[in-house]
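Structures are listed in the sections that come next.
Two complexes, one shared chain (chain A), two partners (chain B, chain C).
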Partner chain A sequence: MRRYVIKRLAQAVGVLWAAYTVSFLVLDFLPGDPVTAMASAGMDSGQVDPAQLAALRHEYGFDKPVLAQYADYLGRAVRGDFGDAISTGRPVASTVADALPQTLQLTGTALLLAVVFGAGLAVVATYTSQRWLRQFLLSLPPLGVSVPTFWVGLLLVETFSFRLEWFPAFGNDGFQGLVLPAVTLAIPTGAQVAQVLAKSLLTALDQAYVETARAKGAGRWRVHLRHALRNASLPALTVVGLLVGQLVAGSVVVETVFSRDGLGRVTAAAVTSQDIPLVQGVVVFGALIFVATNLLVDLVYPLLDPRIVVASDRGASFA
Partner chain B sequence: MSQSLAKDVDGVADPAQAALGPARPVDTGSGSPAEPGRRRTDVREVLRFLLRRPGLLLSAVVVVLVVLASFWPDLFTSQDPLKGVPSENFRDPSGSHWFGTDELGRDVFSRVVHGAQLSLKATIIAVLVAFVVGGLLGVVAGFVGRWVDDVLMRFVDVLLSIPALFLSLALVTALGYGTVKVAVAVGIASVASFARVARAEVLRVRQAVFVEASRASGAHWYSVLGRHVLPNAAGPVIVLATLDFGASILAVSALSFLGYGAPPPAPEWGTLISDGRNYLANAWWLTALPGLAIAATVLATNRIARALDGEWSRR
Partner chain C sequence: MTTHGHENGGDSDDGGNGEMTDDVTAPLLEIRGLSVSYRTRGGAVPAVRGVDLDVWPGQVTAVVGESGSGKSTTAHAVTRLLAANGTIDAGTVRFGRHDLATLSEPELRAVRGAQIGLVPQDPTVSLNPVKRIGEQVAEVLRIHGLATRRTAAAEAVAVLDRAGLPDAAVRARQYPHELSGGMRQRVLIAIAIAAKPRLIVADEPTSALDVTVQRVILDHLQHLTEELGTAILLVTHDLGVAADRSQRLVVMEQGRVVEAGETRAVLADPQHEYTRRLLASAPSLTTARTRTPVSAAPAEETTPLVEVRNLVKEFRLPRTGGEARTLRAVDDVGFTLRRGQTLALVGESGSGKSTTARLVLRLTEPTAGQLLFDGTDVTAAKGAQVRQLRRRAQLIYQNPYASLDPRFSIAEVITEPLRAFKVGDRASRLARAGELLDRVALPAATLERRPAELSGGQRQRVAIARALALSPDLVVCDEPVSALDVSVQAQVLDLLAELQADTGVAYLFISHDLAVVRQIAHQVAVMRAGRVVETGPPEELFSAPRHEYTRELLAAISGGRFADAAAAPITSRGPA
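Up next, the complex of A and B:
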């Protein structure tokens, strides 16, 4: 087990470093002059003082060779210093940290809704013997992954805020304000969870061990949950690990739709004002979330399927 | 512009038909004498296959309509998408304005129809970028193997670790705004999955007996790749491309909803919805109906992707 954990941790650090490098390449290496964009931001005329440009270049280190810039930035990033946001002048790390709680609340609730309803749909759809119910339930996930999130959000606002006046249309007001954004964000995620889980449940129900359990006289519900679901949940768990990063990124759209404060709106504003340090900070943070959840998923796997750790401790590679 | 678009569509349409081939890899090489006869049954078979699945037929119709709208918008509407009649603003959907009119009195249906071109163009560029770059990475990694494979695939893993929307946003920050730039940003964000599938397929095919036989009989590496490996590895990658089509429509429209697409008067689908957002309380049709166009198109392409992915070969 220890060897398994250490191996996963090392991989996680490697991926983070590489993600930082990719974001550095994309943002600082691609054509387009960030300094001109920064200096002219908010100004109507394209005329920018060359001396001011040079000063800015020097301040952000753009006058140094790329490799030197990279080493410099990476060294600071390791210590948690991602520079200052250009638009506000505040450190990137604290800007992200301040916006985070609202977004975590949103994505956490959305994840909970997605897993509960997605898994519930898959379990009921594969359990029921009513043909119409099964077909109806299984037709929902393809629908859920095909609708634009921002559109669903606006329709919910139009129905539940403007017509029925049940929930506020925007803002961060407690639980009431959380319902619509969380539902919006949960729909595509839940649909994907349901699709994967329904498929793997159907596969699992065909397996010999299910037959055996039935033959031993276990109840239908018990076979479905204890035997089939436990085995079928591995692929679904993998998908959930991949979807958490998507949820955090999805907050950009949902927070814009609902005018909620949080990381998503900070990101949208940063892209609009071409605030490169801030965008980079968000990208690396997104990778951090991805890596952390997948690490967590990898650590949960052995609880569901002990064979995984045994294989790893023998040194066999299975990744 | 519609000229270049025509070429793009041809490029996509061709492999999409070819996808039906590799689903049955055995008879691609052997059936040359029966070629003309087989062709005809194929058409009849496709029709029967479609008729038994009304949902799939409907999806095909939707996709055809969207493609028609993007080339010949005048087939569907004679009204100008940019010129409005101020006295006729905020009209409900009706016989003369199917999707109602917006705040400037412009016909929303005509804007959706004309917007199809921008949105379809962006989507095709996105899928092509992902297909070409990802496919190339995957094929090189799978075919060359060894350290090249390791290096390329580690790079792909990193791309996968950055949430797609964040990666697109970073690219938009670097490249700037506009339909094409947004399309490229969306395409790059889905390179990783194409690379993975292409590599897996090339690895699978490379071990097949007929590839070994062709190698043993002294074929050059490029003829092994071009004549045996690529045609047989293409199927799943093309299925992924059809699936990615829907995802790209959603991603492109999300980015244009956020305001990074074409500048204002252009009727891009995502932009239409974000414009309508300001009048949500009094004009529901400005957001609801353009969104319906996006949802219908994505649903249709996803349904077709599912048909290509196995349903056809299992028929």
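Up next, the complex of A and C:
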């Protein structure tokens, strides 16, 4: 068990390194550099003193060969120093740390909503004996997955902020301001949870052990919740682990639509201004969240299904 | 269909004969005019039509029939545990004061588990994999209020102990996957008997188990029910099991009861044509039906087709904490197989018989030992040499439902080996396929069809045709008939014997079923835990087994009691 965790942590470091490297290369391939962007943003005319630019480039190390730059950045990142954001001059670490609580609040709420409503929909849809209700409920997830997030966001704002004036349209004002963006973010996520869970519940209900349970005299609700649900929860759990990454990515759109401060907007701004240190910091941090969630999911599997043994070699082994 | 005697005449008068000594006057379960159908895309398909059936208190009533005969559906209809698309169209299921066919769902729940227990078909999938054994047994007691949260755990252990599970207290804390199939079936029996029901419905309770385990489980089930006075409705495809275990027998065909009555009477003097056919094809009951080996063994001086010496195969087991462990699946195995003969490898699951076959075909690499094919050492053969071996040695798999590509037409299935070895052109290959189909007694029109359109027996014929396409010297048959109904089994075995007589092909025949082996083998090798414990011609092995394990296997063949006890010899073979 301990060996397994250590091995997984080593893999996580590999993933973080890969994320760092790929994002560095992508940014390097983009035309122009952050210094030009920054300099031109500050002036009305396009005329910038070339000598000044050269000095700036030298200061940030952009005049060095790409490999040397990479080694330089990586070396400092390993020590936890992601440098200063070019656009603001503030340290990357504190920029991320400041934006983080807002985003965690948003994605955490969205995840909670997604799991509760997604799982609830799946359970009710597979439990009900009303055909029309089942058909109706099961048609919702595909719809939720296919509508674009920004469109849902705009629709919600239009309805609940401008017409009904129940919730604010933008900003970070406590719980009130959290509702609409969280719902927007939760819809596609919850839809995927519902889809996977409903499918695996139907599969589980078809298994022979369900008949054994019915033969014992168990009621439908007991069969559904005590026997089928736990067996069906594994695929859904896997999906939840992957969806956390999607939520972080989704916060970019949602925070922009609702003008909320947070990691998503920081990311959007950093990419637009080609702020390499800041983008790198955000990417590594996002990867960290993703890796940690999935490690957690993998460690939860054996608690749900005793057949899964967390083994140090060859992954899971089956008896 | 009515002739006389014990024919099922639509009421319970068949229960009134003299041997019935039970102090009962009415059946415990009385099914009348039961019809069940399944809704499918193509409309309602009737599965059970107008079935009448009685189960008397304290007795075992066996329902026999082939797959699709509706026996399982009948059993499940008793407590309305039908698949979601199944409905009871007509009939009554009287149990005590209730008609189970019309009882409300909550009322029915009070009957299920408490008064009628179910032992399901496949123990490997019938327990909830994520719940502890004890919890699953305790659940019955908790549902019916027979134990409190506090007492349920101890009660469950006691029930498991009664069901014959060794170390019940330890097992109760384990999960299903940590138990063997036999142990799991005992757990399911414990679940069925926990609430001391008056009736147990056992749906093929041992078909998924090894023969020796089968016997122990059935013995125990019988013993338990005798003790408690529980009646059993035993559904089985195995006439041998029914003959051994039941007092009353119900024979079903295509959703109808064709014959019912006292087991001994039905078997001694079957009235219905279908019962006779079923009896004639049941391998375990027809001791008379030993086939005289086709053509005596060829002269000794010819080199044997396959010679295996000291073959060993080890598998690495997943490391669990300590050092690496290995499993010796095949342990110092040696045998010879001559041309035109059949060598049967017999043993239970895990005995290494399938691995041995795979080694002979060079589908796995041996760890040690020597393998000679037609006098040539092919132990370390590579590339072209192995391909040459493939051409001369073919394989027939156990499951004809899985071994044919569903997207191929039958013509494509049969000609695939020819295409693989670039034999002939399109037209000649197709001609060969037609000829092969004729050989395995399938109409030429079958060439155009897809595997899904064929029955299990027909598919296995196609698999045989495919195996013979390249005129191989050796065909390895891995449990070729275990997935088939008994009457079809007999036909396929006949076909294999016929083809051997015609073509001189040798079979390496793998089976867990001694009764089947007796019909086809010239030589038998009994395997246990990777070793060959005894070899010899079947007559010798069956009449005078030397090894303890062989004796155990022989004793486990069901139908033995009937064959011993029944004075009436079963008439020879039915139409194949």
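As a working rule, the second predicted complex is superposed on the first by the 295 of 319 C-alpha atoms of A that agree within 3 Å, B and C clash if a C-alpha of one lies under 4 Å from a C-alpha of the other, contacts with A are read in each partner's own complex, and residues count from 1 in each chain.
To be clear about the criterion, a residue touches a chain if its C-beta (ideal position, glycine included) is under 8 Å from a C-beta of that chain, and two chains touch if they have at least 3 such contacts.
In this text the structure is predicted, and so the values were computed from the model without any measurement.
Chemist: With the two structures laid over each other on chain A, which partner does A:Arg307 touch: chain B (first), chain C (second), both, or neither?
Modeler: In the superposition, A:Arg307 contacts chain C only.
Chemist: Touching A:Gly286, do we find chain B (first), chain C (second), both, or neither?
Modeler: first
Chemist: So, A:Val5: does it touch chain B (first), chain C (second), both, or neither?
Modeler: neither
Chemist: Identify the partner contact of A:Gly245: answer first if only chain B is touched, second if only chain C is, both if each is, neither if none is.
Modeler: The first partner, chain B, only.
Chemist: Which of the two partners, first being chain B and second being chain C, lies in contact with A:Val179: first, second, both, or neither?
Modeler: neither
Chemist: Is A:Leu53 in contact with chain B, with chain C, with both, or with neither (first, second, both, neither)?
Modeler: Touch partners of A:Leu53: none, neither chain B nor chain C.
Chemist: For A:Leu140, is the partner it touches chain B (first), chain C (second), both, or none of the two (neither)?
Modeler: neither
Chemist: May I ask you to name which of chain B and chain C touches more residues of chain A?
Modeler: Partner touching more chain A residues in the overlay: B.
Chemist: Quick one: is A:Arg214 in contact with chain B, with chain C, with both, or with neither? Answer first, second, both or neither.
Modeler: After superposing on A, A:Arg214 lies in contact with chain C but is clear of chain B.
Chemist: Looking at chain A, which of its residues have contacts with both chain B and chain C?
Modeler: none
Chemist: Inside the complex, what are the residues of chain A that reach chain C?
Modeler: 207-209, 211-219, 222, 227, 230-231, 304-307, 311-314, 317-319
Chemist: What residues on chain C touch chain A, complex-wise?
Modeler: So the residues of chain C touching chain A come out as 79, 81, 106, 109-114, 117-118, 120-122, 125-131, 136, 139-140, 143-144, 175, 177-178, 188, 191-192, 318-320.
Chemist: In the complex of these two chains, what residues of chain A are touching chain B?
Modeler: Those residues of chain A that touch chain B are 15-16, 18-19, 21-23, 26-27, 30-32, 142-143, 145-151, 154-155, 157-158, 162, 169, 245-246, 248-250, 252-253, 256-257, 267-268, 270-272, 274, 276, 279-280, 282-283, 286-287, 289-291.
Chemist: For chain B, which residues count as touching chain A in their complex?
Modeler: 154-155, 157-159, 161-167, 169-176, 246, 250, 253-254, 257-260, 270, 273-274, 276-277, 280-281, 284, 287-288, 291, 294-295, 298-299, 302-303, 306
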